[in-house]
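After this come two complexes, each holding chain A, first together with chain B and then together with chain C.
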Partner chain A sequence: MSTIVLQLFIAGRTPRTERAIATLQQLITDRLGDYPCELVIIDVITDPQQAEERQIFATPTLIKESPLPQRRIIGDLADTEGLLTALNLPPVSMS
Partner chain B sequence: MEETNYQPPTAIDADADARLQAVVNTSLDGMIIVDDDGRVCVVNATAEVLLRRKASNLLGQPFGLPFMVGEVAEISLLQANGALIAAEMRAASITWMGAPAQLIVLRDLTEQHRIQETLRDAEGFSRAILNSLSHHIAVLDENGTIVMANDAWRQFAVENGDPQLLTTGVGANYFSICATSSSDESVEVPTVLDGMRRVLHGDLPIFELEYPCNSPDTERWFHMRAVPLYGQRRGLVISHTDITEQRRHAWAIAEAETLREQLQARERELLAVSAISSAQRARSIARPQRADSSLRTDNPDTFQICINRYSDILEKAVDARGFALVPDVDLPTRTLATYLGQQHAAARDVVEMHLASLRSRSFGASLERQQAYLEEGRVLALQLMGYLVAYYRDEVTL
Partner chain C sequence: MTVSTSTFPIAKLPTGITGFDHIANGGLPRGRTTLVSGTAGSAKTVFATQFLAAGIQQFNESGVFITFEESPDALRRNMVGFGWDIAAWEAQNKWAFVDVSPQPESEEIVRGAYDLGGLLSRITYAVARVGAVRVVLDSLGAIFARMENSQMIRSELLRIVAAMRRMGVTAILTAERTQEYGEIGRYGVEEFVTDDVVILRNPIEEEKRRRTIEILKFRGTSHQKGSFPFTVIPGEGVVVIPLSAIELKQRSSNLRMQSGNSDIDHMCGGGFFRDSVILVSGATGTGKTLMATTFLASGAAQGERVLLFAFEESRDQLFRNATGWGFDFEEYESTGQMRVICNYPESASLEDQLILMKKEIETFRPQRVAIDSLSALERVSTMKGFREFVIGLTSFIKHQEVVGLFTSTTPTLLGGTSITEAHISTITDSIILMRYVELFGEMRRGLTVLKMRGSAHDKEIREFMIDGHGLHIGKPFRTISGILSGQFIHTAPSEIERLGNLFKDDAGS
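Moving on, here comes the complex of A and B:
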């Protein structure tokens, strides 16, 4: 079973980013608890190199690295159900 | 403006695509069309400016799919130079080149944020000014609801029975607070309510009232003032100022004036006695009434003795008042009058002695004690003057 890898690009710690992080953590705990899951948080202010390498144009940006296909979404990350649909999670082959 | 034709358009879509392209090209908002994978298909000039990137560097790149809870999301755009700007993002599902796509509309929020920041600064500045005032100030909306209160207002509420600011803090209705008031000032309530409403409706430019607001152990007076709130929102600014000190001061001045008038009457009586005396005796009983002559200047040591004796009597009188007793000061007062008579003292000397004694006694004393010195001193000075007049009259008749 391959690990679900999520990368969240944020710009500093604001109430909005805190809310996005909390939603993702809740999503992982409540809805993806049966899967190996990894959430990486990258702050583009402190790590601009990563932002450039990954061609990040806006924050917050959430990238589902794996399983493929890769998925990249931008905006209000505050709806767990909508996020699961947008990210095609949980993966059909893993469920 | 560039475009990646990663999927050839069909003949049916071509017309719609052309119209959409025209809209995107002419929009003052930043517009980006992304395909189903979130890759940039179209980007307009405004979006290029917002992202500080040329279209050639954006087309085909993974921008991402918009994810919204409502109609609009606030995001940060990461410019090519590493700078971040706040932007509002809206999105719509469309068909582009015959395939599902998303139209992303971006609007720069930098100016809006700057204005909001300026407004916040201005509000913070106004609040700081209000909080630096000792007046208790609250702002009411047109329904009488308190929408803002300064630190002094809150502090007064906390110290006077509303520690949680439940009934007198922000959100409470001030008209209702006044209407249900049951303390000393309740007799003023109809006047206050009427005054506030008249100011609110523009019938009065200002409403002011002085009212008592006694605490269990202190007499207090306040000055209330209601002025209209100028600006787009209708409302009132209410201020309450503690004027107890001013009231006390004004009362003390009135007391001093009364005393002065009564002493002047005694002085006239004394002068009349002196006149009779002059006619009957070779020497004047009272000292010569030169403008610069007084016991204080002519004989400072004797004057100081008189002050000390007068102060002792005053102290006894005030102490007796504290224990609700009738002060037994008659004999020492009569004795002091005799002593003053022997020094040929005049009414002016009594007044000077009285004032000097009040000054020395009141220094460092509590407000209540100062008040007691004033009241007892008035009686004592009159009594002393009466005995002095009697002394001279007896001398005359001897």
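Moving on, here comes the complex of A and C:
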């Protein structure tokens, strides 16, 4: 399948931000290891132009650019299981 | 020398919204966020948009519009009718949108805790980009509807309001209410976010919509109390009518103006005063329109500009009748001395009517204004609305160095007063009553000058006749009393003589 493209919009390095990043990185290594995966972290405080273009409202916001359909997940991504369903990604190979 | 700014009284930012700065004693508290709350359709978005538009047009102050509800495209389109070209201002970097309106193509899922840091950084960015002085957030209800965590939204709003204060911008935050009276906002938190609250209302009273605006609080600074009528008009936007804020400081002039009828001038002690308002009250057919016609024609004949607002008769009828009395209105109109505006009272709300009339007076700058009849306007409004209209119009006319003549139709043929009179009698400077008088099986007409502020006047009730040349004043009614009440009592001439003799004793001694 095509590369999974994820963009995480954060507002500065807050505990909430760190939690979101940690959860996301864990998900990528543990569950999406088989797929090519690209994660970009954008700080809206230093790059407000990006926030404006992507119409970011809440932070953290995770955007799944590809594969389509596009998805937006708001929040600090509490658990990996729920996140996987929310991202609507293919079932995980447990090999 | 530097002085701490905190010791200064709270400064105001003039909004440029017509009439609002008057009731706000100068404008919105500068550097703060004001909550503008109202029910659906109470013109919150128009008010907020106008705040930015007036800033650009009148003060060259840029603005940022944060929209939670309508898309920027819809706003650009909807506001063109008010003469606000938002797209052009965007191109000039005087206006910036922060679009937070719902995006139907992108699905949003909430997982865990979040804040509105994204929104705040976009606001900060937009304010810096256009150098904004004014900011609008429209509307709060849309954020609450979209996000479930109202506790989080409340604390985030406080953070945004605090950040805007640091930026030094003056902001308007709009919020929905579910009812005209009661809680300020739907979510019960809105008023805690800001120190300043303005309420827009659009209630139905006697089956008529009547918009009002009230400044509920401006913490630490003054404003006018109570609610004031306002209207929303194409090409202009919100126009607040600051009635009770009107001060009684109009000039008064000793200059007399001829009424067009020497008998009436004589009864009034030499004519009407300029800067005064004369009320002519009478039953239908007593000759009020003739009085107004004569009054205007006499002004026009002397080279003055005269203006007539007619709410009862069509232009053709008026002109035909004037011709019948020997006045050529068409001629006066062609020379630009006369302007006649005929419309049905139902054609506009009373607030709109007032603004229209003010505009006509301001552009035409007449020396004489007549309204025929004021009481026709009574039926399109509530009692309160009508009273405010009359006060607003009268005080405006008195500031314009004109003499105004209003006619008022009494509801009954004999005697009686109209609601108009009850509202207006203390405001007008002169009152002329025209009444039917039943005299031995015949209907005659009587006229009296009831009041003539600042002048002696004839106090008798005189008979008058109307013929092809106009109105002629005759002798006083000597043998009849109770004309004004409509309860006529005839007194025999011999009795009058006897009564007269009773008092003669004292006078003669």
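Everything below uses one rule, namely that the second predicted complex is superposed on the first by the 90 of 95 C-alpha atoms of A that agree within 3 Å, B and C clash if a C-alpha of one lies under 4 Å from a C-alpha of the other, contacts with A are read in each partner's own complex, and residues count from 1 in each chain.
By our rule, a residue touches a chain if its C-beta (ideal position, glycine included) is under 8 Å from a C-beta of that chain, and two chains touch if they have at least 3 such contacts.
These numbers come from a predicted model, not from an experiment.
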Superposition on chain A - do chain B and chain C clash or fit = clash
Counting touched residues of chain A, say whether chain B or chain C comes out ahead.
-> C
Contacts of A:Q49 with chain B and chain C, given as first, second, both or neither = second
Is A:R72 contacted by the first partner chain B, the second partner chain C, both or neither?
-> both
Considering 146-154, 218-226 or 416-424, which region of chain C has C-alpha atoms that clash with chain B after the structures are aligned on chain A?
-> 146-154
Footprint overlap on chain A, where chain B in one structure and chain C in the other make contact | 11, 16, 44-45, 48, 51, 55-61, 69, 71-79, 82-83, 86
In the complex, chain A residues that touch chain C = 9-12, 16, 19-20, 44-45, 48-49, 51-52, 55-61, 69-79, 82-83, 86
Which of the residues in chain B end up touching chain A in this complex?
-> 37-38, 51, 53, 58, 61-70, 73-78, 82, 84, 87, 89, 91
Going by the contact rule at the top, pick out the chain C residues touching chain A in the complex.
-> 98-100, 103, 105-122, 124-126, 147
Given the complex, residues on chain A that touch chain B span 11, 16, 44-45, 48, 51, 55-62, 69, 71-79, 82-83, 86
